[in-house]
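Labels for the chains are A, B, C, D, E and F, by order of writing; each one numbers its residues from 1.
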Amino acid sequence: MCDPHDLSRWEQEALCRGWVRRLARDLGPERDVVAPDIMTHASHMTWMLDEFEVMHGGRRPGAITGKPVPAGGTRGRREAAGYGLVYTLREALKEISLAPDRAVASVQGFGLVGRHAVELFTRIGGKVRSVSCLEQRSLEPTTFVRPEGIDLEELKDLADPFGNIDSERAAAAGYDVKDGNAWLAEPVDILIPAALENQINVGNCEQVARSVKLVVEGANGPTSEAAESALGERGVRVIPDLVANAGGVLCSYFEQVQAASNAYWRLAEVMSRLDVQLTDAYLEVSELAAGKDLSLRDAALVVGIDRVVSVTTDRGWV
Amino acid sequence: MCDPHDLSRWEQEALCRGWVRRLARDLGPERDVVAPDIMTHASHMTWMLDEFEVMHGGRRPGAITGKPVPAGGTRGRREAAGYGLVYTLREALKEISLAPDRAVASVQGFGLVGRHAVELFTRIGGKVRSVSCLEQRSLEPTTFVRPEGIDLEELKDLADPFGNIDSERAAAAGYDVKDGNAWLAEPVDILIPAALENQINVGNCEQVARSVKLVVEGANGPTSEAAESALGERGVRVIPDLVANAGGVLCSYFEQVQAASNAYWRLAEVMSRLDVQLTDAYLEVSELAAGKDLSLRDAALVVGIDRVVSVTTDRGWV
Amino acid sequence: MCDPHDLSRWEQEALCRGWVRRLARDLGPERDVVAPDIMTHASHMTWMLDEFEVMHGGRRPGAITGKPVPAGGTRGRREAAGYGLVYTLREALKEISLAPDRAVASVQGFGLVGRHAVELFTRIGGKVRSVSCLEQRSLEPTTFVRPEGIDLEELKDLADPFGNIDSERAAAAGYDVKDGNAWLAEPVDILIPAALENQINVGNCEQVARSVKLVVEGANGPTSEAAESALGERGVRVIPDLVANAGGVLCSYFEQVQAASNAYWRLAEVMSRLDVQLTDAYLEVSELAAGKDLSLRDAALVVGIDRVVSVTTDRGWV
Amino acid sequence: MCDPHDLSRWEQEALCRGWVRRLARDLGPERDVVAPDIMTHASHMTWMLDEFEVMHGGRRPGAITGKPVPAGGTRGRREAAGYGLVYTLREALKEISLAPDRAVASVQGFGLVGRHAVELFTRIGGKVRSVSCLEQRSLEPTTFVRPEGIDLEELKDLADPFGNIDSERAAAAGYDVKDGNAWLAEPVDILIPAALENQINVGNCEQVARSVKLVVEGANGPTSEAAESALGERGVRVIPDLVANAGGVLCSYFEQVQAASNAYWRLAEVMSRLDVQLTDAYLEVSELAAGKDLSLRDAALVVGIDRVVSVTTDRGWV
Amino acid sequence: MCDPHDLSRWEQEALCRGWVRRLARDLGPERDVVAPDIMTHASHMTWMLDEFEVMHGGRRPGAITGKPVPAGGTRGRREAAGYGLVYTLREALKEISLAPDRAVASVQGFGLVGRHAVELFTRIGGKVRSVSCLEQRSLEPTTFVRPEGIDLEELKDLADPFGNIDSERAAAAGYDVKDGNAWLAEPVDILIPAALENQINVGNCEQVARSVKLVVEGANGPTSEAAESALGERGVRVIPDLVANAGGVLCSYFEQVQAASNAYWRLAEVMSRLDVQLTDAYLEVSELAAGKDLSLRDAALVVGIDRVVSVTTDRGWV
Amino acid sequence: MCDPHDLSRWEQEALCRGWVRRLARDLGPERDVVAPDIMTHASHMTWMLDEFEVMHGGRRPGAITGKPVPAGGTRGRREAAGYGLVYTLREALKEISLAPDRAVASVQGFGLVGRHAVELFTRIGGKVRSVSCLEQRSLEPTTFVRPEGIDLEELKDLADPFGNIDSERAAAAGYDVKDGNAWLAEPVDILIPAALENQINVGNCEQVARSVKLVVEGANGPTSEAAESALGERGVRVIPDLVANAGGVLCSYFEQVQAASNAYWRLAEVMSRLDVQLTDAYLEVSELAAGKDLSLRDAALVVGIDRVVSVTTDRGWV
């Protein structure tokens, strides 16, 4: 309906407050908990909470999530999506008996998700061979490759605040600079598309290196249905977005849980709970996929639908 | 007032919902939390919750416990009573300095409680010499004995879905088949009556083997007052039902706690908390019994009454 | 307005209940949680809770803190202030690289705070050289010194129920008996004023031994502003009361958290959480003090003010 | 359970407030409205309201009736029972075609009900021949007769504050002084028993004068079942208490109605509404009695039961 | 979505209750008051109220209107539409200076609306020359004419319970029996279409007698837009349905008002208020129509829209 | 704190809404009903109501009074103060046996209050000899006199929209134009100061004509204490503002009553109720004044204080 870029700060605040005023009776931990989405930042959520609390006449931080930490938000929201992705990847590596310290990945995207995925994957022993993102001057998609593994801190230094890397300095630092699509043709075990949707599609999935065993979706919908199907026939497993990048929405859940008990967790506890939750989720999906010979995505959908069926049946609704 | 066996599924649902409609104002975590009892199964509780939530106009899973896990129930309800019994038994063994791996038990009952008690007792090193339950064909109480210790999985295989064991197959598997009362005359350290009430009474308590040091009540009221008194004079300690089989009602408590924080526990956490809670409870009772020279049952009642006295006095009610 | 010593038990109860009756609409976890202060004991809080619950029509233990444990209070309230003080002291010792087992302290006050500080400080290896408190007969401030370290249990035996020590028996037990001010001139590393306010002031701060490196405020406001300034110039760090003795108010917070989830913690968990919370708080303050060259007290105030600024800005109030 | 005469003013207040504290959730215009009964005076009701409003946190005068006028009570409570009785009597006189100014009555009781009945009956033209009440000195039931009609103001002057009449002064004023039972043998058209229950019974109903056509019950249950039956056979109509003395409970209803709209009525409006309500009620009962050949009491019960049947059937409860 | 004729009584009750269960949070005097419409009878409304009150936990009769009188409904619902129509007609006659006792009407429809319109119109002196309804045997529309005025009670006797008149008996009683359309060609001053929609249309409006000065819409939409326009050019005024037959919806309003004060009105009061309300409404519309040269229908819409504009502007919404 | 003249329409709206947001929990018919005061106009009240209803989540028009009629305000607010003044004047005239058609008044002020007082006083037969207000050009206080009585409609025509009269045109129309103070020296029976405070004071009360018998305060505090005392000694009765100009605040009360029952009154009903209420109030005050020999103002204060005493005593607060 409207683009926040066209709205002044005051218009944004008025819009957030007005939205809550209309819906307040249907919000709250017992009805609907609000979470941020694309283009919604922490200030928006704080305005929403403030309005909700004025109307409610008391503190109720669990109604609105995505708030900054001092306003009752959870720690770990920045790290959640990237780390969460690596938790599921770690479990998948166990299933294919590939030790992390022998695993090599190629990553598309150098934003919050990509960086934290690189960070944690590296920390558990993995090697990231290449990163694809926009080139700083040309703003063209570009792949930066270093066969012995990239260095995250070094790459961050080569990037501007928007995550675009300077190709000249990168070359000087020993990175091969290739075109934007090159990331999926690198001889790696794992592809991590963590940028935009539809990046692995019928047009380019043939280029995916034969060595690739896993695709871990850090972005929303980065693999087209047809490409997933073609990769599946080659034996490549795709860990679907609704498992692999669930870290963000789990943070909203964690934020509500912390508000419910009024006890706030340190970063380590957030990550530990995220790990447990995603590992359990991945294994439940993976076991069903193995047992029923389904793709991981289909298995995830079956798990979800089964829960809805179970609850509606138990309640006597159907 | 009515027997659920005489009611159709729809009548049962209507009864559950009607009960909640009448009482809704007095239910909920701040007033009264509902828990299942004999003949009340998980579907009943889910219907109750559904009705309560319709009336309340929002989610409030903590008001009704005993729900299935997908509807917000707790994990571990099946295991709770049997495992809980063994937690208290374990503490009692420490007090009499009998190592679990030297302890031998005889169990009456092969339902949920009995089986999980056998399972956990065996796992901590104990030996179960005999199990008493109904014989599959005759439906007569029968005791199955194997001096070197029964094998739980084997016995499960010999039982029908109602937990009744086939005596012929049991005999073939090397079990001595004795009459139903024989379980309490076996030369064991521990008796675990986990079937019906009044099973150890003045009529048979003389048959209890002289080796018995502990009776752990898995059923409700399995030991008559007179029998408990006679056993007490022989130095046998009876861990009373209100401690030994409190696992079920603690699960209801845990279910409400999980609902309050909207964070749900894995099975291991449930059992770990159950262990802490029951161990604390047992020790508090046991210490009082020792200090005041009371039976465990009397000590448990004193502890409970003291709490009521303390709170009513503190509040200025009396 | 009135002194509880002049009120009968019934007048005290009526006052507590009347206070809640007037304010009930503005109390509760979502608005204002009540905590005890000087002269307010556990009975007062229980009466308040009872009145609040009658008015509210249900259980709501989180609204009023400082209750006795059976009425929903937290464990550890007695120990919290003294132990908490030692948690911050321990961190400060690490910063100045003084191992606890080489550290010596002098304590003013032998009430709840002083005793528990002595207890925990001794347990982590520290030595308490002297304790200052009232003499039992004269009711004059007196310092009891034993260079090889005092013995807490022994001193407790020498004290009456009000914490006043018998100087004759103390002398007989090998303690040097000095005047009340002597405690701050002892050759120790740490001063722990845990009695009254304004005990280290311009009149006596010159007497503070040159060996002193830390003052840990167990009382409220025991160091005057001028004295703190003079000590600061000598390089003595003062851990301010709003960090060092925050254990009591944190207990009220913990009590509310336990009520929110209806799950109550064992003593060990209370202390473990207190340790985490105070350690985090101390380190945040200490790092800011180091970075900005502030006293610990100023740094603590800056941290607090920053939070208020951050939240009011985020909410759009300013 | 207790007799207010044995309770101090403070105990009475505590009892009233305590009763409301226990029941507050079930009181109020939407659930149950409280009304006074025998031995409950206006102060009791005001204390109840005050407690209810403290618990509710706002003004809610309609929850408790029987309050004094300045506290939100209705005007007319004193007059209601006596006047109401005359409204039904007036309608009954129309039915038997006896003009009020030709009608003569004999009244038992000289309290609030009796006096106001005399007052209004006289005002619409009727004559009261005799009044029976306690004699002032002997405290014996006594009947005071004046064939030409008593004078209410004069009799009030002859009575003490408890309504007991001085027989000597009455005789001097020209009243015949007879025994207490004499009131029902006077040659009148109407008997108005407005004192105690069971005053017209099988033992004395034969003495009722043959001229009597109507008995109007101002007291609760003044006519025994057998006496009513015997009188009925003689053609005497008994206007039953649940119609004739409903004025008091209607006042409680009016008080709640006034609270609901926050608009308070002058005395004339209260009486006008009372007249309408009682006239309608009497006529509905009388028509049914005529149509179905029932006594007025039976007809009143049928009307009431029919309403309950109608509502429970409409709601689908039966 | 469904036709109540196809539903059993139990299905109807379940449907009504289920509807309320879903919407309960948005119903009530402060949000939305429910009123009956076509095919919704009093039982439906009582079931709705019962469900609403169970969910609400108390009496709240004002939330649902259209209830039977014993369940808190208003008196006068049967009479409201027909009488209300005549109140507006009476005002319109004043405006054209036609005394009611010189006015003649022709009515289409012999249901609740038609009969009560005839009843009241006759009572204020008017004459009804003809009534059009279904013939009892043929079920064909038929007009029954008696130039000297019909007799309502007589016609009721000639009709079956569905309001269909027996033409043979009518003829015998002196009525001219004409075809169904004849009613609008009769030489009358007033047409009252009180049956179905679109009964006066371009196809037949030419037949409307030249003597007709007023059309009063008792049905919903009985006059087509084109017909109204044509009649308007001939100087015929059409009192539009949203004024003329507003009696029913006003009864719902009155029912809510009575519930709000818990004081219930006699039939005469209902009708008196209905008269005031409709007279005011008619005059406001009529004056605007005169002043702005609008049809009554357009004026009524302008009045309504003006109110919405005024309130939304005042509130600062636009 | 701020002057609405300095605020834009948007700032005024924000201020009104913000005020309600802070106080919403303490507003409403059960706690505090808001009414307008000087400088607060109908738009302010409508914004307040709108904000209150958003926060409350439903319609609650009775919480805020002074709204425009379409937004739920009461009719008659414009007329209330002036008419109300005349209701009390009428009763006072009866007491001094001066028929209205022989009474002559002099009025200060030609705003809402003055005009409506003149209108109604004239309508009941009285004559207004002079009106004092600002002169249109000079903006100087001026008195316009016509011994045979002023003509309200004529004077309105001579005034500009602010109520300032054109002296030239007034002179031309036959009015004597005198200085601003002249109004109180006119030979009248009644003075009606309806402009500003302190208009009859020690400086000018000697000029009050000897014929004056009544002063009716239409403004707030127009008579100084000393002047009232001096006039009282001359036998002049002052009907004090808190009775004479209570019409406005009674309108707020009426507005809340109408909201409570959701039934809105015609202008005539508002005025009729205002008359009853003010007449009752005046007579209660006047009777007390006569009985206790108090001024009307003192009597009014005694009546008010007595009510507070009575209620606080009844409730057991004192």
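Please note the rule applied: a residue touches a chain if its C-beta (ideal position, glycine included) is under 8 Å from a C-beta of that chain, and two chains touch if they have at least 3 such contacts.
Computed from a prediction, not measured in an experiment: that's the story for all the values here.
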Pair joined by more contacting C-beta pairs (D-F or A-F): D-F
From the options C-D, A-F or D-E, the pair that copies A-B, where over half of the contact pairs coincide: D-E
Subunit B and subunit C, separation of their C-alpha mean positions in angstrom: 45
Mean-CA-position distance for subunit F and subunit B (Å): 79
Distance from the mean Cα position of subunit E to that of subunit B, given in whole angstrom: 69
Residues of subunit F engaged with two or more neighbouring chains: 25, 57, 260-261
Subunit A residues touching subunit C - in the complex, by the definition given at the top: 13, 42-43, 46-47, 49-50, 56-60, 67-68, 70-71, 260-263, 266
For the subunit D and subunit E complex, residues of the former touching the latter: 28-31, 253, 256-257, 260-261, 276, 280, 307, 310-311, 314-317
Residue ranges of subunit A touching subunit F (in the complex, touch as defined): 21, 24-25, 54-55, 57
